[in-house]
Structures are given as C-alpha cells and as structure tokens.
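These notes open a run of structures that come right after.
Two complexes come next, and they have one chain in common, chain A, joined by chain B in the first and chain C in the second.
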Partner chain A sequence: MTFPMNIIETDRLTRRFRATEAVHALTLAVPTGSVFALLGPNGAGKTTTLKMLANLLLPTAGSARVLGVDSRKLGERELAQLGYVSEDQRLPDWMTVTQLLGYCRPFYPTWDADLEAKLLVRFELPADRKLSQLSRGMRMKAALLSSLAYRPKLLVLDEPFSGLDPVVRDDLTAGLLEAAQLGETTVLVSSHDIEEVERLADHVALLDGGRLRFSETTEALLGRFRRIEVDYEGTVDSSSLPESWLGWSSGGGRAVFVETAFQSEHTERACRERFPLARVRAHPMTLREIFITLARAGRHSTEEIAR
Partner chain B sequence: MLPFSIELKPGLPITEQVIFAVKRAVVAGRLKPGTPFPSVRTLSQELRINPNTAHKIVGTLVAEGVLLTTPAVGSVVAEPSGDDRQAKAALLGDELERVVVEAKQLGLGLEEVQAELAAHWKRLGRK
Partner chain C sequence: MKLTLHIIKKDMYQFRWSLVLWLACFVYFFLFQERATFHVDTQLRDILRLVAVLTIAVFSWALLVSIIQQDHPTDTRAFWKTRPVSALRLVMVKLGLVLALFVGIPLLIALTGGWLQHLVVFNTLREFSLMVLAMSSVTLTLAAAASCTSNIVYALVLWLGVVFGSGTVAELLSRSLPKLTAHLAMQMNMNRIITLLVFSAVLSLAIILNQYLRRRLTTTILLLILASAGCSLAGVLWSYYYFYHG
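This part shows the complex of A and B:
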C-alpha cells in the first residue's frame, strides 16, 4: 500500500489533561518519504502529539489519519508498518539484546535479518548483555534497532537523541540513514534541540504551548529568514513597519531586525522606502537563530507569526 | 570516503553547499572526468544528510552537466564543457558580488576597487 501525499494528516487534533490543554487544534500534514522534525521547547506538546499518532493516547477532540486509517483504529496491519521509539522507552529489561530481537522478529513479516545483522555491528551492541545492564545510549540503540529492522513505512522517534553524547547520536543517525529508503521511509522525529536534527530534516514544524507555529520545508524556512542590518541617515519612523519584520531595534544610525518574508529585491525596496540612502545588508540565519527569534517574538505577542 | 572535501556549515542550504564543493573539486582538477561519483545513499550516509537532499544534489549536478549518469556504473564526473577558466572564474561569482555591493555602498569606484585588489594580490603573491 502506498500513501500518495501525506502519511500523516491531523485535523484540529486536541488533547486536554484535566484543565491543561497539552495540544490545541493541531492541523498538520507529514509528507510521505520526508524526514519531518517536530520541534519545540520541553512541554510544548510534542510527546502528547506523537502518542496520539501512535494510538497510545486518545485525542480529546479532532482526529488524525496515520498510514491511511484513523489513528484510533490502527490495527495489526498498520502497526506492523509503524515504528515508535521514545526517549523513556520501556523495554523488557530481563531480556538480552538477542532475546529482544528474537521476541520482536515474529511480529513483523517485513523483518530484514541482513539489516538486523548490519545494525548490530554498526551499533556495537553487546548481544548477550541484559537490557537492564545497558547504558542509556545502548538502550536507545537496541530500541531503535528493534524498530528499524522491519523497515517500517513510518518511524516515529520521540526525542531519540536527548541526553546522549555526540558519538552515540552520530551512530544512531548513521543507522537511521542505513535503514531508511529513499521515498519509502517516513521519519517523524521530535526534538527540543534543532541542531540534533538540522541535517536530517527536510521538513520542520514548531510547536509551542501546544500550538503549531509553522510547518514548512527546511529550505523554504532558511530562504525566507534573514537578519537585516540597515545603516541610515537622519531619523527613522518605526511606527509603520511591515508585519514580517521581527525584533526591530534601532539607534545611532543603525537598525537591526529579522525579515521573515525575505525576497532580495522586495526587502531592499521596503527598506529604501523607509530610509532613503540606507545601506542594507542581509545575513542568512541558522535554524537555531530562527527558532530563538520566533520564541522571543512569541513571548512579546500572542499573534500568529506563522504564515 | 567522499572524493571531495566539504565541511557543512549551519545556516546555508545543504544542497547549495555540497553542489558548490563538488563544482570546486571538479574545476580544481581534484575530481577528474570519469571518476565515479558517490551514490545518493553513500552521499547521505557519509554526510549524515537526508536522502531526499542527497537525491536533489545528484539530480541538480546531473541537470547542470557536472555529472553524467550511466545505467551500469551510476554517475560519473562529466568532461567539463566549454571554457574551463570561465567555469573557474564563475565560482568566484558570489564573493565578487559581495565585494562590488560593499564597494558601491561605500561609494568607491571600479578603479579604486581594482587598485585595492591588485594591492592584495601583490601582497599575498610575495609570500
């Protein structure tokens, strides 16, 4: 079965815990074959979202379609194509790595023994050690291996890199890329640290306070954000600035702000209209800088700055 | 190991960075015509980048004639077409544009920039 456009689509997905709304009316599409990073600070609602998508938690309102079915109706057939690995994964601690894999194997018709063997070597997992005696990084490797080996169509990873050292993170990434097949595997990965997933993700979405701030391709996001420096003469009227300009500050003949809808000519024209004779410079921003800018802007206003 | 050197920097699209690195290696003669180019898979795994991004990189390099695809071998480095020196000079495009923009904003003329460039050239040439 193929999923032509989006392997996940949510429609106003909402989850409340008593008085607290962890996820608010989330409408999101995860394109098939993408590596989709769901980003946001701790407590933003990422884990709650992922749990609803894997039917580990029921939505209070709204719905999600995952692998072509309603998330509440995910059955054996869909679960055999879905991998779910979380930061605080519960594993059968009394088993050895070999026993864990032996236990998982029969559940999945698509289990790939060659890939399993390759990943065991790549992850340097001690096959005969009990899971309870493994380090945090090793446990994550064992959990990821047991999900990668059946080549799921959809892999959901909840903070897989959190608290792990760079070498383990690199091993996990390498294993993920070894197992992923172009256009076949969709990876939905959550993280509070953009740098962990910057190279991997071709789509990024930002969740903040249970609300979606934006969701777009990494390329489009990097393309539309620029830090702008303007050196001008005289005074400047900052009362009518474009809505796409964030974090405006000026003084001493210089203004600095972030343009969120950058287009070389358009931005330059907008600057010149306001300050003739200005010297305008546009600097590309890293994803981290973009997120910090958005987080600050979010604190200052409750208005949506997502497009 | 990849047959060209690259250090990915955050903030710029990965596609652009890799394509630039490959073109630079080709015009500098470090990637010779006929050399097999890494597969999408290898590129993705070595650079730890998204396979879709790696796919796009190879696709763009093929479309621009930097690589040739052959059914059996995969992609190989193409024979550089046209003027080699022109291709080399084109790689300076972005840098030169930045210099020109800066110079214009500072109100400098072409002669002044050329004189400054010549001075730098001379200074570094002596070492």
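This part shows the complex of A and C:
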C-alpha cells in the first residue's frame, strides 16, 4: 500500500482536559519518509498530540489522518503498520524479552525474524530476562525492538531518550537512523532532547503551550537562523529594529542578536542601514541555540517568529 | 480467530499458577460440599467450608479483576492499545474468558455434582438456569467495575459501593411499601431477583462495551447511576405491582 505525500495530516486538532487546552487547533503535516521531530518544553502538548494520532486519546475538536485514515478509526490493519514507543508505556513486565517478541510476532504479517535477531544483538538485550528486571534503558530498547522488527510504515516515539544514559541514547539513535535510512519508515519523534533530535530529524516542528510555533525542514530552519554580531562605533537606536531580530543586546560597541529570517544580502543590507561603518558577522546556530532563543522570545507572537 | 486464541493463550499463561490454585480451591470445595466422606465433626467441616468459600470468592475476585485490568480498556499507557488488537476483539476475548472461567467452570462442577448424586438435570433446569444467571450477573458486574477502575482495591470499592448503595436505597424505600401476603411475597421475591440479575447483567455489559468501544467517561458514569437507581427501583416497584395486580 502506498501512502499520500503526507503520512500524517492534522486539521485544527484540539484536545481539552476540562478547562485546560493541551493542544490548540493544531494543523500539521508529516511528509512520508521523513524523520519529523516535535519539539517543545514540558507541557507543550507533544504527548497529547502523539496520543491523539495513535488513537489513544480522542480529540475534542478537529481531526487527524494517519496512514491515510481518520485517527479515530485506526483498525488492526493500520496498527500493524504503526509502531508506538513511549516513555510511560506499560510493557507486560511479567514477560521475558523473548516472550514479548513471541507475543508480538503473530500480530504482524511483515515481521522480519532476521531484523529481530539483528536488533537483539545490536541492542545487547538479555533475551531470557524478565522486562521487570531490566533497566529503563533496556526496557526502552525492548519496546523499540518490538516496534521496529515488523518494519512499520510509521514509527511514533514519545520522549524516547528521556532519562537514558549516553550509550543507550546512541544505540537507540543508531537503530532509528538505520530504520529511517532504509526509507520504509517515517519517524515522528517528540523530545526536548535537542542534540539527539538534531542528529536524527530532517523536519522540525515546535509546540509551545499547545500551539504550533513553526513546522519546516531542519535545513530551512538552520538556514534562516543566524547569530549576528555587529561591531559598531557611536550609538545605536534600538527602538525600531526589524521584527525578525530576536534577543537584541548591545553595549561596548558590539550588538548581538538572532536573525530569524536570514538571507545573506538582505540581512547585510538591513545591518548597513543601521550601522553604516560596522563590521557584521553571521554565525550559524545549532538547533539547541535556536530552541533556546525561541523559548526566551516566547512572548513574541507566532507571526513574529514564523517566516 | 488465530489472534483471538493467541491473546487467550497469553492470559492463560500469565495467570497459570493463579488458575491452578483457583481450580484446586474449587475441587477442594466440591469434595467437601458434595462428597463429605471425611471423618470430621460438623463444626470443623462448617469452618473448612466457610474458609473454602471465602478463599474461592477472594481468589475469583482478584483473578477476574486482574484478567480485565491486565489489558486495561481505557488506560492510554496500556500495551495492547498500540498493537494491532481491536477493542472489539479484546472485549470478546476478555468476556469470553471470564464467563468461561467464572460461569462455565462452576456450571460444569455443579452438573458433575448433580450427575454424581443421580439428579436428572432436566428436572432441575430452573435451578441451573438461575445459577447461570446469577453467576453471569455477578461476573459481568465485577468485570464492569474492573473496567472502570485502575486497580483491584478501587474495583472492589466501586462494586461494593454500587451494590450496597442501591441496596440501602431500596431498603429505605421499602419501608413505605404495601404489605403483601406470605404467598405473594414469595412469588414476588423470585421475580424480583431475576429482574435485578438481568438488569444488572445488561447494564454491566453496556458499561463494559462503552469502556472498550466508545471510551466515553460521561456515558459510563450515567450507566453506573442508572444501574444503581434502576436496581433500587426494581427492588421496590415489584411490591406495588404485586399489591395491585397480584
């Protein structure tokens, strides 16, 4: 079965818990074949969004299409192509790793025994040990293995790196990258672990307070954000700065800010208009630096931040 | 069907030791009840019987709730929720399993007991039917309580709360009821019991199906209120019916 261009599409997806609106009118598209990261601080609505997409929670308003069907109507056929791993998932702790895999296997017509064996070795999982006796990292690996072995079309990961040591994170990331590079699996990962996400994701979306701040390719995002340093003489008027400049600070003949709509010529021209004799330098930013800048500029409206 | 059996097999395997012990309790009770050939005095036998009954009741309760809550219908963290298991398949598995265990097996034991005592089952069909109805009703109400709560204690509190709550209301309402003759009262009690059992079973089934298939909390709460109020009223209205039409 082939899927449309977007394996996930949401339309004004909303979820309220009594008076609290956890997700507000979220309209989002996850391209098929992408590794899509949903970023945001704690309480941003990431987990609620993923739970609605996997039909674990019903939306209060709006709708979502996952694997070509309404998320509320995900049946056994669609779920056989969907992998879901969450930090708070309740695994059947009384099972050993072998029993877990043996239990899952018959549900999936596409289960790949060779891949299962390969991942078991790669993740260094003790096959005969009960899940209740495994560490958090090992349990996460077991859950991921049971969700990768059938080569799902869509893999949804909710905070998979949370609380894991660097070695386990590396193993998980390597396993995910391998699955994604085969091009068969679209990965949707929610996290506030930006370093890991930067290694993985080719698309990024930021949720804050249940609202979508932006959604674009990692390349475009990294391309349009620059930390600008300007060495100037005299004084500057900071009252009429462009809206795309965030985190402005100046003093001692140097001004520093973040340009959120960087275009080499355009940005340089904008700087020259304000500081005719200044020396302007533009530094690329990491996803983490961008995330922190946006979090600090949280009071700015979506329109100000967006392209 | 293969997947349905696969899930049943998983449940049976998970609870294998509890099931063995539970069955052992049943056999023990059956030996005392039906074939009391032991040379023990009556008082000791009664105590042993009571212990066996209580053990079976507690064991059955814990086993039933565990079977339901192991794959909880509404817990978003439940493992089955993200696996290719439809809610319909799971509810069929769970209901089939608990009814087979807690209605099928007692019925089988009762039938075996009847056969050993040379009873003609056809002649006692009414008793057996009533037994099946009572067992089904208790099993379904317990399963409904288990599906609405997150652990054994909460399930017990909910079940006892609904049973004793509606019982107390019925008791209070019955103080103003018209007096019936002994004959009419006897007739009424049987019909009243059957009505209550059927009503509880149907409402419980509705709650279970809502918990698995629709997941509407408001509907579950309304059904619980309807069940409590309905049982109280059903316990009372029969008296009026018999008083005016009996």
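We take it that the second predicted complex is superposed on the first by the 295 of 307 C-alpha atoms of A that agree within 3 Å, B and C clash if a C-alpha of one lies under 4 Å from a C-alpha of the other, contacts with A are read in each partner's own complex, and residues count from 1 in each chain.
Definition applied: contacts are C-beta pairs under 8 Å (C-beta built on N, C-alpha and C of every residue); 3 or more make two chains touch, one makes a residue touch a chain.
Since this is a predicted model, take the numbers as computed values, not measurements.
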Chain B and chain C placed together on chain A: clash or fit? fit
Determine, under the contact definition given at the top, whether A:58 touches first (chain B), second (chain C), both, or neither. second
Using the superposition on chain A described above, determine whether A:75 touches chain B (first), chain C (second), both, or neither. second
In the superposed arrangement, does A:248 touch chain B (first), chain C (second), both or neither?
-> neither
For apex chain A with the CA centres of chain B and chain C, the angle to the nearest 10 degrees sits at 150
Between chain B (first) and chain C (second), which does A:288 come into contact with in this model arrangement: first, second, both, or neither?
first
Review point. Of the partners chain B and chain C, which touch A:34 in the superposed model: first, second, both, neither?
Key: first
Practice item. Based on the superposed arrangement, let me know which partner A:92 touches: chain B (first), chain C (second), both, or neither? Key: second
So, does A:17 touch the first partner chain B, the second partner chain C, both, or neither?
neither
Original post:
Looking at the overlay, what does A:199 touch: chain B (first), chain C (second), both, or neither?
Top reply: first
Taking every C-alpha pair between chain B and chain C in the superposed model, the minimum, in Å, is 25
On chain A, the footprints of chain B and chain C overlap at residues none
Touching chain A in the complex, chain C uses residues 2-3, 6, 10, 14, 70, 75-79, 81-86, 89, 215
Within the complex, chain B is touched by chain A residues 33-35, 170, 173-174, 177-178, 180-183, 195, 198-202, 218-219, 222-223, 279, 284-289
Listed in rising order, chain B residues that touch chain A in their complex are 8, 10-15, 40-41, 44-45, 47-53, 55, 105
Chain A contacts chain C in the complex at 51, 54-58, 75-77, 79-80, 82-84, 86, 88-92, 94, 103-104, 106-108
